[in-house]
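Next come two complexes, and both contain chain A; in the first it sits with chain B, in the second with chain C.
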Partner chain A sequence: MSEDITTPETTPSTQATVTPPATRNSARLMRSGVGRNLGLVVALVVLCIVGVITAGDTFATGANVLTILRLAAVIGVVSVGMTFVITGGGIDLSVGAMVALASVWATTLATQQLAADFHWIFMVTTALVVGAACGLVNGLLVAYGKIVPFIATLAMLAAARGLAEIISDRKTQIITVNSFVDFFGGSLLGVPVLVWIFLLVAAAGWVVLNRTTFGRRTFAVGGNAEAARLAGIKVQRHTVALYVLAGLCCGIAAVMLMARTTTGSSTHGQLYELDAIAAVVIGGTLLSGGRGTIVGTVIGVLIFTTLNNVFTLNNLSISAQSVAKGAIIVVAVLLQQRLARSSNT
Partner chain B sequence: MSRSARTLVLAGVSVLALTACTGNTPKAEENAGNAPANQAAVKNDEPGKKVKIGFSAPAADHGWMGAITKATQAEAKKYSDVELVVAEGTNDVNLQISQVETFINQKVDAIVLLPFDGAALTPVATKAMEAGITVINVDREFDSPFAARTTVLGDNHGMGVSAGTYICDQLKGKKDAVVAEIAGIDSLPLTQDRSKGFKEALADCGLKVNNRVAAEFTVESGEKAAANLLQAAPKIDAIWNHDDDQGVGVMAAIKNSGRKEFFVVGGAGSANVMRDIKSGSSLLKATVIYPSTQGADGIRLARLLVQKKALGDLVEVEVPRTVQLYAPVVTKDNVDQYLPTAFES
Partner chain C sequence: MNMPGSDLLTMTGIVKEFPGVRALDGVDLDVRAGEVHCLLGQNGAGKSTLIRVLTGAHQPDAGTIRLNDEPVQLNSPTAAIERGIAAIYQELDLVPELTVAENIFLGNEPSRFGFSRAHEATTKAREILAGLGHAEIPTHRTVGSLPAAGQQVVSMARALSRDARLIVMDEPSAVLDPEEVSNLFRVIRGLTERGVAVVYISHRLEEIRQIGNRVTVLKDGATVATGLDARDTPTRELIRLMTGRSIEYVFPPRNEIPTTAPVILEVINLSRPGEFAGIEFSVRAGEIVGLAGLVGSGRSEVLETVYGARRPATGFVKVDGVALRPGRVQAAVKAGIGLAPEERKSQALLLDEAVYKNITVSTLGRFASAGFLNNHAEREAAAKLTRTLDVRPVGVDQPVRNLSGGNQQKVVLARWLLRDCRVLLLDEPTRGVDVGARSEIYTLIRTLAANGVAIVLVSSEVEEVLGLSDRVVVLREGRSVHTGPAQAIDEHQVLDLVMEGSAV
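== the complex of A and B ==
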């Protein structure tokens, strides 16, 4: 838990500059986050090469890259929050339902009226507060109610989506506040605002996880909660904070989805929990906690969205894609285990 | 280390072995979309300018939805000048939006879109129209007239009217007849439309819906709803079941109860229901069609629009804005006419 955690994940470009002078160094490199992410980067590059070969004229265009990034943005923000929870030794099955509830609550007639009269910031705030509040409930149930995270968040999954259905009467709520759609649907310096938000959330997540006390405590709590408690960390309070963070990310994702669809709906965010967990796990975060990487998660999300894009461009069915997705998860985890074992011996 | 490598090989081999035993495709394709050729369209069928069409629809988790995709693909194959790009099968609006964005990047000529949620897909459909792509909206309507050139719809209200009228004819003179209704997902506008039409048609002949239950378009929910209904109503003269997929469960519940004093009218028009009607030995005497050829019609209209051809048999030189398909009643007398286009659930 020592070197593994504190070594910051490096981006592929900086990896290239670190030329290992000796095998001992390269072994250490493998043990650090770099080695784990290297496999992922290779997988992503291979996917891109397949994309260029099979659909070069459309795959390697700026517009297509932006399409991939826009798709990755929403699930990516959810996955960043999920990374924190899983690194801290928990799991959150309620992310999709929280996205739905936040999107519905932020698009009720009352909220939209407020936004129309004053500023769209009211809709954003509503979504963030609803997400964070759901996360707070999750956190309290897990930390103080001593309910297993799997069960506590399973309960939230059912309850939040049900509440979203009650509030919206299972109807799609259309956003009529144009300023909201214009802002979040627009671009800044040629890059969609949604992608900027994803980048900001990922960067903030990386800094918090790798460069702050909060991040170090997250690793400690996830690695061994009892040891963390003895070391003076307020484990329960920290756990609550992690779930609030995940909820907050869901609130942000809800805002992004609202901008993308100009609607709020109780059907938004279906199965996002599985997509997010898959991305986090193939990214190299340990499902048992104590080890986590934001860079890995981001690449994990990109792998799945690129896969999706390549399949769509090549006219292949979603069913074949699901098979490929399953295979990728298994291969990624097997490779990780192999790397972990070889670096231990 | 070598052990995990062996595991990998083993996994690969078993996948291959599995693929070998899943070859049941030919049977499924037999019935898809061999619609009787429209004589008037023959001249239009002559190959013209090459048309690239993108198609996207929700997940095929229901017989009717699966049939939509199959019929669409089969229709496109009939034309040498049509190239179909399929991105079928998602209930995640975020993903479906990115599929449409991909079509825009690929510079397709037309997009046939059955949105998971009409309102949520409106912005991206509008974007496609603005990019000069002909968008054909199928089944679930967008909420802006700028989002599609032409809309192909079924007639949910008409389904209710047709079912009600048929039941009125069959129960002629029976003033105290007991009519029961097994609806689909009750909160959906389409279910409400069907029920409204049914009620209106029954009122015309002095009948009313005495017992009403709602299922969820699945076999399991149909069985449950019908079992409850049969408990609640000791004597029934006619039942209208909105959906032939859930109808499999409804008929199972009726069989278990041993009741035979009534007849059943189905909805949507699956092939197995039509075969039951044809046999004449079932309690199922009729079904009301909700055409599963809407996507296929979307392909034809998209091709005509891009090639700037008129719709055969109309004087008007432009393809109409909205095409609403009829909801005919299928009975033993006319079942042969409809069986070829019915879907396998």
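== the complex of A and C ==
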């Protein structure tokens, strides 16, 4: 402090001593996840307020909150996987198709028989393996085949859904394994198992992205692949791992969708790729890679699901929902670009 | 068109500043209609910046530009094109998928009521190409399928289609073989006969003597001589003008390298077709070996091949006597080789990431247990290094983007210091580093060597290579033309070697 302040009790000096830590705190806040996601949180809160005003008695109930979370869970898990791929500089258009294929494969008569005879874990394993295998193919095509991610995963989108149709003969496969439906359709501590899975996947995703070498390398590969390569990172192998991770998330999402609908179907996961990309992007993950946030993605998913819920409760059409969704995407991205520009200068 | 011999362009007192660097500090240039005016200067002398000012890509901070005795403002590349100034860069600005005719009239297509008149374009394109003496180039071929020389002609045809009165050519011969160069000269002579002025930039003195009329020499962002006769000015005089620096860098004293010091890096018969051939050298612990040569002499390519980022056609690299698997960055890094690449921003740094993350990116395993990173330990280690290297501003959490060039370079060096490198490959370590920070980087490099690291240094500044290295390898067109102690050769001799290829 400057020497001309002689009386420590005067208000100016107390202000002067208080201000620096305060600005430092706010700066740290802005850099931390909470600060960066503040806009999103505000948007979600506004949406909730609209919900309470327009459909107060039905919106603000515990049951409705759980409904929103249950609906958000499946696309949420897919979006966590998508966050990794996009942060690593790629994109995955095949997530919806992978969910469909995994759900069909895990509900074939043979798999269900195996599950009924032994344990439902066989259905889960099948879904996870199918998802991861599709992701592996995506990753190999992108990393070693040098096919741009958009095209490689577009091909997977077509092929996986086609394969799902062939396996299921375009028929919806009803799940008859009661233990499976009971477990995943049930609740734990009053919260649906599906929501628990979503929370676990999101938490694990956050830890991996922010606290592990794998996460750090993901940022490096997505931010500057050439620099990452010259720094000694195995860029190709890492890229494969990212797509496998996305595929694995689709496998988990397939299990959740099977539990929610008690079916496996080649029509599951329709347009999930667009919903997931939208949630990831409004969450603040850079589509060009190098910057990604799981918290943002989760809030992004919640915003879209809450929007759906509010519109449904007010008996508004799905078409009106789509228009609102489009508007939200544009506004969110415009705001982000403003913020990015102001923080760079 | 102007009368040949009359003053076409006069630039006086051009000043251009970038943050921390005064790239141009009072440049004068006058070009007459119908002449080939050569621009000569070492790397970093300001040639590229001057061209960007002339073609409207940069706005000068001071100085005047007069065209035909009228002061002009070149606010944008479009403004320059409208005034008849065109440039042909080394990386040609053509669209490879479009045809020759489409490229020539790109942005200026003959049309009526919005419909393009392809036939008219073809006819006109043919006329222009014939005028350039290259009627054999088919106007319907895609530009991408033409050889480099053909693409250059198309680029010139485009300039002419816009009635260019002044064409800047930035090292046009760099991508051409000798046969094509004589073709290029024929085209240039045809242009000047029509009163077009050409500003010609080349490092090859023999070309300047063949095609040039007058020479302007730049050094440290200022004109040191202008209007020299291109044919009769002695080579010695030109080199003296280009070197004789006004700023003297202080180089740290060399270490004594004991004859018992082990050889760490051995490069044996390394070749890549079209880039370099038969490159051999070795570096002992504590030694700095400098590779000198022009852009395109294969310096950076050699370095990247040693690092495994390019796969050699022949030869191999040994570290501590053990041959590395060729073409594998992983193998090189594992053996203890580190690279500070030429393009710091695109090849080394994660600009938006924090300083500490940039430093630890090659040593993440060391800060992790079971894959989980210990951020605290990472920051500690990075903070210790940034203190030692005096990286400013202090703070390992700020994005690297906020640092100056010199401090960014220190971050790259810190990355490899953390890894305890045995071999460090430095490609243009002081590019974009301002004068003050240079000597710091020099001292740092020397200290590293003193600690037993084997260092290979590439720089386009001859003074830097000679001042910093213990031994130098001079490259010309992908071949080593001289190897010897740095103190036994001077800047003039090196420039002689790289520019003329004559024996010392």
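For this structure, a couple of remarks:
Going forward, the second predicted complex is superposed on the first by the 310 of 345 C-alpha atoms of A that agree within 3 Å, B and C clash if a C-alpha of one lies under 4 Å from a C-alpha of the other, contacts with A are read in each partner's own complex, and residues count from 1 in each chain.
One rule holds in what follows: contacts are C-beta pairs under 8 Å (C-beta built on N, C-alpha and C of every residue); 3 or more make two chains touch, one makes a residue touch a chain.
Quick caveat: nothing in here was measured; it's all calculated off a predicted structure.
The superposition on chain A brings chain B alongside chain C with room for both. Once the two complexes are overlaid on the shared chain, A:Arg260 sits against chain B while remaining clear of chain C. After overlaying the two complexes on the shared chain, residue contacts for A:Val45 are found with neither chain B nor chain C.
In the superposition on chain A, A:Val74 makes contact with chain B only, while chain C stays out of contact range. Of the two partner chains placed by superposition, A:Ala110 touches none, neither chain B nor chain C. When the two structures are aligned on the shared chain, A:Glu226 is found in touch with chain C, with no touch to chain B.
By the touch criterion defined above, A:Arg217 reaches chain C but does not reach chain B. Of the two partner chains placed by the overlay, only chain C lies in contact with A:Gly290; chain B stays clear of it. Of the two partner chains placed by superposition, A:Ala203 touches none, neither chain B nor chain C. When chain B and chain C are set side by side, the one touching more residues of chain A is B. Of all Cα pairs linking chain B with chain C in the superposition, the shortest spans 21 Å.
Residues 307, 309, 329-330, 333-334, 339, 341, 346-353, 357, 361-362, 364-365, 368, 371-373, 375, 397, 401, 415 of chain C touch chain A in their complex. Within the complex, the chain A residues that touch chain C are 31, 207, 211-217, 219-220, 223-224, 226-234, 290-291, 344.
Listed in rising order, the residues of chain A touching chain B in the complex are 58, 61, 63-64, 67-68, 70-71, 74-75, 165, 169-172, 174, 181, 185, 257, 260-263, 265, 267-272, 305, 308-309, 312-313, 315, 317-319, 327, 330-331, 334, 337-338, 341-342. Of all residues in chain B, those touching chain A in their complex are 1, 4-5, 7-8, 11, 15, 59, 84-95, 97-99, 101-102, 104-107, 116-123, 143, 187-188.
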